[in-house]
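Every chain is named by a letter (A, B, C and D) in the order it is written, and numbering of its residues begins at 1.
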């Protein structure tokens, strides 16, 4: 059975290779091939899953060692896979959502002459993401980690002729590299501490080292997570990443890749459990991002950017939960999965809208679309209800659990975190309602696009709507399915462990509170965007709004400090290299020449001068010899 | 009288000759100064020969004279040809090549 | 007396050089094919050497030894350990690609008279360099090595100064002036380094009385050779200076950008991918082996310089306007990594450094050659003159990107393996150093991606319009290199297993043990 | 009459005159066989003079060339014979009643000098380079040295197709002197030999066919300064004689190191007087260092090298250095070893300023001949480093270096004679631009020589430099090695400049043409290249030779 694991990766990888090297002759079948291979991977996943269910909870993990990768003295790095429940969860999520989005893209990218390559990249991404989640050591994980980074780079910048896209892609990769730095340092620390970086040995040996070491490792891992999962302070790239085709945003920047950070932290739970300080930092990061993303989401008029903000915020929830330790791990993952469904659905919906609106992204130019694209409206609506946590839908269960867990953290921390999560829920309700209203309700505010074509909104083709429907199902029922009888909890517990903590307030109270804030959020949004007409051009807005529109100025900070500063630094260094380092050398050469020129003058052509020098020379010679004898 | 005085004289003559070489412009004169130096050497040789009571020095003096004579032949030939082609025997005029 | 394989491997290209040079002026193409054939023959011989080498065997294998200059205590001694072998193989591997890539770079312009045979000269010189480099990798006699180390400058010098990059902004005489400036700078820098090394070489002879590594090692072992601390340090500095110029290490690096910028792209590859490796190789082979104590003594300074090279080189690469100069500075950064790995004095570091030499050779070759194809198409080296190339020449852009990704050592490609090993090795011995060096990977991403973005993406520039995609010859050059990058990235074992034993020998030379992991240390 | 007094061929006659009547007449013993090299050359030189007198003008050139070549070859054969007979090693001794040493260094240097002169003679005899004037081939020497430049007499001489065939006897005389110089075993012989080879050189400098004014100027400068220096030498000799009461090296040596058996009372007052010794030694050194061309006695070199006819320059630059260094070695090792420590610092100083000074000033030279002159100065410095080593290795390394250097030099100057324009040889560097494009072969050959000068490995220059520096280092002069290394780095710069000029700069439209020489010059150059490469790649045999020859007889 374990030999199948490699197949998970092999299928999409093969697809990537074939499609990217295949050349034009594959253009016609490329997308089918890509989809098929993604699907194949999904099938394998299902097979493995059923097999896994067949086994008892504690020997579900599968291992497969392919070959020893970097055999160097005192350094063992293998290409080996480990498939346990946690990995399995991700594998299913990735392959299923991945396949759906492949299908969706067939329609979405229909008119793009580089569709084949698009599917190649998608396959590459799926392969890398799978490596990430089934690697059995941190180094191989790192490979997947950077692999998805590469795929995301290629896909964000897929429309490279748009400078904005190219820049966004570059930005995403660079910010992620900062995170990767953290990961590689973490791996080095593990190597020097444990002599290995395979999950098993490391996570079992955490007890044998100091808390300080663990904290250091933990923080480095967190840095990595921040990069990948767009957490403060490395969140800036996610918004720009929306430059990519919408399916990409749905798959990579909503459902799967951005949640890798959560996976990393949960996977490394043993380390964090041993490093409370690190956990605290994780929680803080999560909380901050949660609010940050939510606030940004409120101000954006670009539908995808609004959703991106929401993604950030939702991942904030997950990170926060992961930071809570055993109390939260399971729920972090659970929210991750449900979020995978409904957020992917929302993005696909957004994509469908744009598809109908000549790729218009400004919600202020939508309005009243529910009549024109019913399917989109319904699926999007369900996704909306799910994310705001409407009772009974996925989001309701998963988010609720996190809020409970936050309180369960206990003490003032618990209260603060609880409050933050609740506040976040309120804001979520607000901005999602805002999106919903601006897009599908109210009167039409459509405007002709750059070429002056008036938009003729229409429902998208089947290839696009079907995935949306499927995901909608997921967003409706997944949460319930997981929670009833704590299925998900029992499923993951063997891997992540679980503890109930001590909730100062009962679950029902929390639920009630959640409902209250939910209603408030929706109501406020309704008041602002439902009752009165939405202006087609954004009003100046309050200071906060304007700040939020600019990602709370965090981007400007980066620009001024990092970009500008960097440019000045490099420019001055170039100068230094040329005038100082090089100057010294050229200077020496020049001075030699000068000296030579001056000495040359002595050779003035007069025999008598020459005689003088001889005479002087002799005098010196004699004097020196006598002197030597004297002393 | 003390033969050492002759040595002092020889040294003096040598120095005078050297000084002449350094100071005078006319090639002939310069050359004469060189001859003076050679003579100073001869004087020294002879004096030492006398002091040591062996004749080597005197013999050498003869050789020196011969060599000097040969030098005169060659030297004059060169200087004269230079003079003929430049109408000047000044060593300072002969400074085409420098630097 | 078995067949002198190593001598043959070095001699073949030398013969080839003579033969190529002898081809009459008119038969230009013949000369090219001849050169290519000889380089391929050398590759075969190198392959045989690779096959005949037993990783588990004695330290130096395929050895040859003949008396040469008794009075100088010089013997003609050859032998390879894993490190030398790997680099020899790299050299033999890259030269055919260099020749192919430079196929048209030395075609004479009309103005040249018939007697002037640049093409023949170009390829002959390349083969001559190959011969010398190969020999220097297998020389186990310090003097022999020194001679080649110096002599190799001459053909390189003519390659740089005699055959400039035709794509040059500015007038011809201006170009010629810059080119000979670059050539002279290259030669003088390395000559000064070499001459200072000469002093040290003589010093070594005065101390040791022989140049043969094996004899010196034996003498050390039985204690008949002991160096006074100060002497050893002076000699070390003499050697190290030369190698640091060649490598090049900050602040002795400034010749490299000029040389690589002005030379034709294949020659630039020759410099950075092959010739400079002699410097880093020699640090590992000679500095550590001959002067272990002094090496340890100097380690802190060297590490700092290496760090400066890494970051400084990367930052300057970011600031460059000229594609080739950018790659040159990137190389400086990478050489920083190599030296870091060597002087970290841990197994991982040194294995990493060796792998790094090989991988960097391949990756830079790939990137640089594609860049060269790009430059010849557009006739300019300035980044600003490009834009949107990927639209008109997707394959070129794609290969360029892969080369770039290799340069920023993306996992899955060969350079990642070596770079990570170096980092781990450095970190294990000096955590702070390791962490600072890690910032290099971010900077690398910056210069590579900025370069790619500015040249390949965005709207298509007018001059770029209608640019042809890679031709067959060019694909033949690039594809194998990329394949190799991927293979060695996924499965570096073949390389590591010949390198590891050699590294262990070096480690024992410097009497260093790898720091134990904390957990084991605790037990 | 003391035993010390009767010691040499010269003073034998004197001995007789001063001897008491009852003393028996002793005929001087002269080992003619062991002097054959010198005798052959001198003899043929005299013969050459007669040829000038009696052979008709037409036939003279060929006769002279034949005689010269034959003489040199025969002499060389004689040297080989002597060496083979073991006079270089086991049978080494002092011949001609103490006047001339027949030992390893002497024979090695004589052999070198003879070979160098042989190849030099070819360049002397070259007459294809200049365009034929009035139907007669001409060499690089004045039609009639006596005629005033540009005068009618000169034109007439040229028209009549005169040539100065006297150069060949002159050359032979010079060679004879040079053969004796390093072998001289008493100061008088030293002085006479010096004059014997200097005087012909003065003349040879003056007889250039083109640029005669410069040629004459060169001659005058060389002559005056040379005479000046030999005056110093002579005075130094006088002082040493005064100090030791003898001019025989052996005698002086015994006195210097105080190992003399019985002290003649007459010498008692001067004997102990080291001032005489020191000043005398210093002045003799002056004379030798002048010939060597060491700073600050070097200033004649550039002018003379530039002005003299290029073949002469080549001959002079190579052979004179060999002879002079030979004499210097013998003096320092045989006569003044006791003085080593007094001389060392100042010799160090001279070596350093010579190396560095020569290299630095050469950087800004614009005339190829002057450039080579300064390079020869720098090389003198390197050799001095070996001389100072004061070890047997030092001697042999210097011998080896001289061998390598002399051939490279002759070859290089031979190449210089080929590059010509309307005004004769085009020695200004700017004219050499792009030579590599116009005639790759010549440029390549010259590049080889330049690289050898620069001491790039695989050329003889490197082997020599390595030998010398090695010896210096072993002799405890590591400081000199470092300086030498640095100055060779500086020197490399200007050699490279020339190469850049030849290969990397576009040829000028009015650039010089490269004359196609006769087999004569070709031989010279070929030999030069061959020696350069052989001594660069496989120097072992010659190193052995040098080290066997590295012992002075006392």
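We take it that a contact is a pair of C-beta atoms (placed from the backbone, for glycine too) under 8 Å apart; a residue touches a chain by one contact, two chains touch by 3 or more.
Chain identities (UniProt): B = NADH-quinone oxidoreductase subunit K; C = NADH-quinone oxidoreductase subunit M; D = NADH-quinone oxidoreductase subunit N.
This one's a predicted model, so the numbers in the text were calculated from it and none came from an experiment.
K.L.:
Of the pairs A-D and A-B, which shows more C-beta pairs in contact?
P.N.:
Most C-beta pairs in contact, of the two: A-D.
K.L.:
For which chain is the distance between its Cα centroid and the global protein Cα centroid smallest?
P.N.:
C
K.L.:
What's the distance between the Cα centroids of chain A and chain D, rounded to whole Å?
P.N.:
81
K.L.:
Between chain A and chain B, what distance separates the C-alpha centroids? Give it in angstrom.
P.N.:
Chain A and chain B have C-alpha centres separated by 97 Å.
K.L.:
When the centre of a chain is set as the mean of its C-alpha atoms, what distance in Å lies between chain A and chain C?
P.N.:
About 37 Å, centre to centre.
K.L.:
So, what's the distance in Å between the C-alpha centres of chain D and chain C?
P.N.:
Roughly 46 Å separates the two chain centres.
K.L.:
Residues of chain C that contact two or more other chains, please.
P.N.:
Chain C, residues with two or more chain partners: 188.
K.L.:
Enumerate the residues of chain D that touch no fewer than two other chains.
P.N.:
220-221, 224, 228, 232, 302-303, 493 - these are the residues of chain D that touch more than one other chain.
K.L.:
Going by the touch rule set out above, which residues of chain A reach two or more other chains?
P.N.:
589, 600, 603, 605, 607, 611
K.L.:
Go ahead and list every pair of chains that touch.
P.N.:
Result of the pairwise touch check is A-B, A-C, A-D, B-D, C-D.
K.L.:
Provide the residue numbers of chain D that touch chain A in the complex, in ascending order.
P.N.:
The contact residues of chain D facing chain A are 220-221, 224-225, 228-229, 232, 274-275, 278-279, 281-283, 285-286, 289-290, 295-297, 299-300, 302-303, 339, 341-346, 349-350, 357, 360-365, 490, 493.
K.L.:
Where on chain B does chain A make contact in their complex?
P.N.:
Interface residues on chain B, with respect to chain A: 18, 21-23, 25, 30, 91-92, 94-99.
K.L.:
Spell out the residues on chain A that touch chain B in their complex, using ranges where they run on.
P.N.:
Those in contact with chain B are residues 600-601, 603-608, 611-612, 615.
K.L.:
Chain C touches which residues of chain D in the complex?
P.N.:
Listed in rising order, the residues of chain D that touch chain C are 436-440, 451, 456-458, 462-463, 466-467, 469-470, 473-474, 478, 481-482, 485-486, 488-489, 492-493, 496-497, 500, 503-506, 538-540, 543-544, 547.
K.L.:
Over in the complex, which chain A residues touch chain C? Could you list them?
P.N.:
Going through chain A, the ones touching chain C are 20, 67-75, 79, 139, 142-143, 145-147, 150, 153, 157, 160-161, 163, 165-167, 170, 173-174, 177-178, 180-181, 184-185, 187-189, 191-196, 205, 208-209, 213, 566, 569-571, 573-574, 577, 581-582, 585, 589.
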